[in-house]
Structure formats: C-alpha cells, structure tokens
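Working notes, structure below.
The chains carry the letters A, B and C, assigned in the order they are written, with residues numbered from 1 in each.
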Amino acid sequence: MTSDILINKLKETNIPYCNFDKSPPSPAGNYGAIKIHKDLAYISGQMPFTGIGILYPSHQELTNHIDINEIGYKASQIAVFNAFLQLVKNKSISEVKSIVKVEGFFRHIEGTNLPKMLDGASDLITNIFPDNEFHARTVYGVTSLPYNAFVELSIIAEIE
Amino acid sequence: MTSDILINKLKETNIPYCNFDKSPPSPAGNYGAIKIHKDLAYISGQMPFTGIGILYPSHQELTNHIDINEIGYKASQIAVFNAFLQLVKNKSISEVKSIVKVEGFFRHIEGTNLPKMLDGASDLITNIFPDNEFHARTVYGVTSLPYNAFVELSIIAEIE
Amino acid sequence: MTSDILINKLKETNIPYCNFDKSPPSPAGNYGAIKIHKDLAYISGQMPFTGIGILYPSHQELTNHIDINEIGYKASQIAVFNAFLQLVKNKSISEVKSIVKVEGFFRHIEGTNLPKMLDGASDLITNIFPDNEFHARTVYGVTSLPYNAFVELSIIAEIE
C-alpha cells in the first residue's frame, strides 16, 4: 500500500485527535523514529501523542465515569496511528505492506484489561489491512513509561 | 525439523498438563497466533495455558511449600510448549529450524529468581534442538499480564 | 566496521569501569549470548556488569547526592558497552555494520527519567557509528530485573 493510499485510509477512520497535517512525534535523542533493515521497518516506541498534547498521561488522573478499557483502547489506537504516521512521512518508504509485530506496554496494574486495551491498535491495523494475514502481538503491564504515557507501542512493519 | 518429528520429541518430554490433542490457545482479537515473515515466525505472547485452564495464575495464590523458582520454571516450560504447539499446528510451516529469540515476562517482584524461572523455557528448547546453536533471551519482571498469567513469552522461530 | 576498529573506538571512549581484557558476561543457562540469523545478531539481555561486579544494582541503595538520570545514563552506557563486547568477542562475526534496535528496561518507577537514562546507550552507539542512520529504540520501567540490575538492554545488531 502506497503512502497516499495509507493516508487516505487513515483519514477515513476519523479517529478523534489524530492530525495528519502535523509531523509525527520526533525522537528526543540520538536515535531515529524508524530504522529500516531490508524490508522491515523497526519503529521506535510510539505513544498517544496528539496535536493537543499527550492523551491519557496517567490513569490516576482519569475520571471514574470513563471505562478504563475504553481509555486503553483509544490510547493504543492513537499510538498505532502515530506509528502509521511515522511510516508515511518517511521518505525512504514507498509502500507499507503489512504490520509484522506489535508489542504493547501499558502503565496499568490490572492484567485482565490488557488484551481489550491493545485491541485499539489491532482493530485499526486490521481496518487498514483487511486482506492481510494478522500481525503477531504481545501485551504487558509495566511500572513506568516515558512522559508518563498510558501506553507505548513497539512495532515492526513490512515495507518496500 | 518437520512438525511430525517435533511433535514426537515434545511427547517424549512428558511435560505434565501438556495436551497434544487439543488446539493451541487461540488469539482473542484481530491478531494472529503467528505472523510469518520470510523464514521467521513471530509468535504472539504465549502463556501457561493447559487443557485444564491456566496454570499459576497468580503467585499470591500459590501455597508456600512450593518453591517459587520451580513454579516459574514449570510455567515458562508450559508457555514454550504452547509456542511449539502453535508452530506445529500452523499449516504454512513445514519445518521448525531453530528458536531465535525468547523474551520472558514474569509477574514477579524478585529479580534474582527470573533467570532460573526462564530456564524452564530454555531447557525445553535445548532438549528439542540439542545440536543447534543456542537461542538469545531476555527476561523481565512486570506489573501485570493478560489473564493474570504468571509468565508471558514472546518468541521468534526460524522456519521453512 | 571490523572488530579491531570497533575495539579501538570503544577504548577511545574511556568509559569508567569498562574492561576490554576480560570476557563479556557469560550466559548462565541453556542459551547463548548472541544468536545470529542471517545478517542480524540478536543479543541476549545485557546489564551494567563491570570487571568489579555489577554497577547500580539497586536505586534504593544509591546515595541521594547523585542524580538518578546520571546513574541511569552510566548504567545503560555500560550495558551497551557489554553488548559491543559480546559482538567483538564472537568469532562468527567479522563486521558490525549498525545497531538496528535497542530496548531498554529500567527498574525505575519515574517514567519521565527513562528517555534521559537510555541516552547513555544511544549516545555511545552514535559515537561509534556517527555516519550511520540512527537505531530505533523503546524504553520501559519494569518491576524487577535479573541480579537486581538497574537496567537490562535487548539489542539487535546488523553484522557480517
């Protein structure tokens, strides 16, 4: 799938807070947003940054009347959106062929919520690549994440 | 090693609670148990599920007269068994050539136990592939895991 | 870059506690320090071991007048040094071409410190490969690590 088609598909998803006009989050150090090795793109950790800041910085700060699974779902959806944004804005990549692996790390103590939360990423990927064989994934709850983000995704994509 | 030989080798190990007749745990969402990219199989997170449910769901619930290292050892052994089961039941895979990488995530607070616990996975792999060069591995203790599992393994296998 | 050139470059960095004469830390089980698959070397978890033991085994034991970011920086610097040491001491590797991916796991509760801590690894890599495109990286804070280490790095290198 070319970057143009991928951008159009992403726009059709109408995910709140996802902004196509700005650049994706920049690396804050001596590393790259993407390292390409042959036909694989290793994407640095993506978080739920949006045009108006980082969403869901801390589940302690969340109000009680929002379901925590829904918050995790939206957070991983925005993080994987940013991963796609990194891919389409990278000039060395002409096509994104599939997502190979997603590793989701949530700053969350209740393990039973984790799979539903990462579905935000998996559902968006399947929405973009419906005919593709599924990606592999793993999900964990950890102690801390950069920017006190609620989720960080580590993704490998197959490219051309 | 063909799937038939691998199944026979697994049967010879006589690991308690490991059931060859049932299917391996299914993905519970829009992702796959395995994503194949060229000659590598990326296996989604495997946990100590058995025919009678998940073993060692919580170390708090464990009785005190069982050594925690032994519990972790058995849990990672069953999880890597499930990874092998995913490989042999996958119709696109004709041979498993080696295990490239094992990442072990334990829901456990005491770091000094972690290497001994992951040995349950490493020893079984070496039992199956004795002539093979060793796999690489990493091990971490995390806050939470799906199904409150005691361990989750992320594995990359070399296949044909 | 050949192992000889890489060793010389590492020596020029003059990192305290880094010893080129001793062997890198050995695996303590049925796994290898490095698994090579084609032109990628998957390096098992590296920690801040030095010739005089493990540095920074526990941030609780650290004195208050040392900045925690600086401690994490040095710990990840020594851990990535050990990863390079594993590469140059491996007889199957004639050249190290680039670092593809660094995953940093810190035993640390405050997420905002994590990126600065992992810079110790990223800066040393960029020092060694200044003309290279940057590596990808992810960083997490976890509950526990082997040997109660302060940091564990999981690294993939491109080799020949």
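Criterion: a residue touches a chain if its C-beta (ideal position, glycine included) is under 8 Å from a C-beta of that chain, and two chains touch if they have at least 3 such contacts.
Predicted model only: the values in this text are computed from it and were never measured.
Enquirer: Can you tell me the C-alpha superposition angle of subunit B onto subunit C, nearest 5°?
Expert: Best-fit rotation on C-alpha atoms: 120 degrees.
Enquirer: With touch defined as above, tell me whether subunit A and subunit B contact each other through largely the same residue numbers, more than half shared, or through different ones.
Expert: different
Enquirer: Could you give the separation in Å between the centres of subunit A and subunit B, each centre being the mean of its C-alpha atoms?
Expert: A distance of 26 Å separates the two centres.
Enquirer: Going by the touch rule set out above, which residues of subunit B reach two or more other chains?
Expert: 103, 142-143
Enquirer: So in the complex, the part of subunit C that touches subunit A is made up of which residues?
Expert: Listed in rising order, the residues are 40, 98, 100-103, 106, 108-112, 114-115, 118-119, 122-123, 125-126, 133-143, 156, 158.
Enquirer: So in the complex, which bits of subunit C are touching subunit B?
Expert: Touch residues, subunit C against subunit B: 27-37, 42-45, 103, 105, 107, 142-149, 152, 154.
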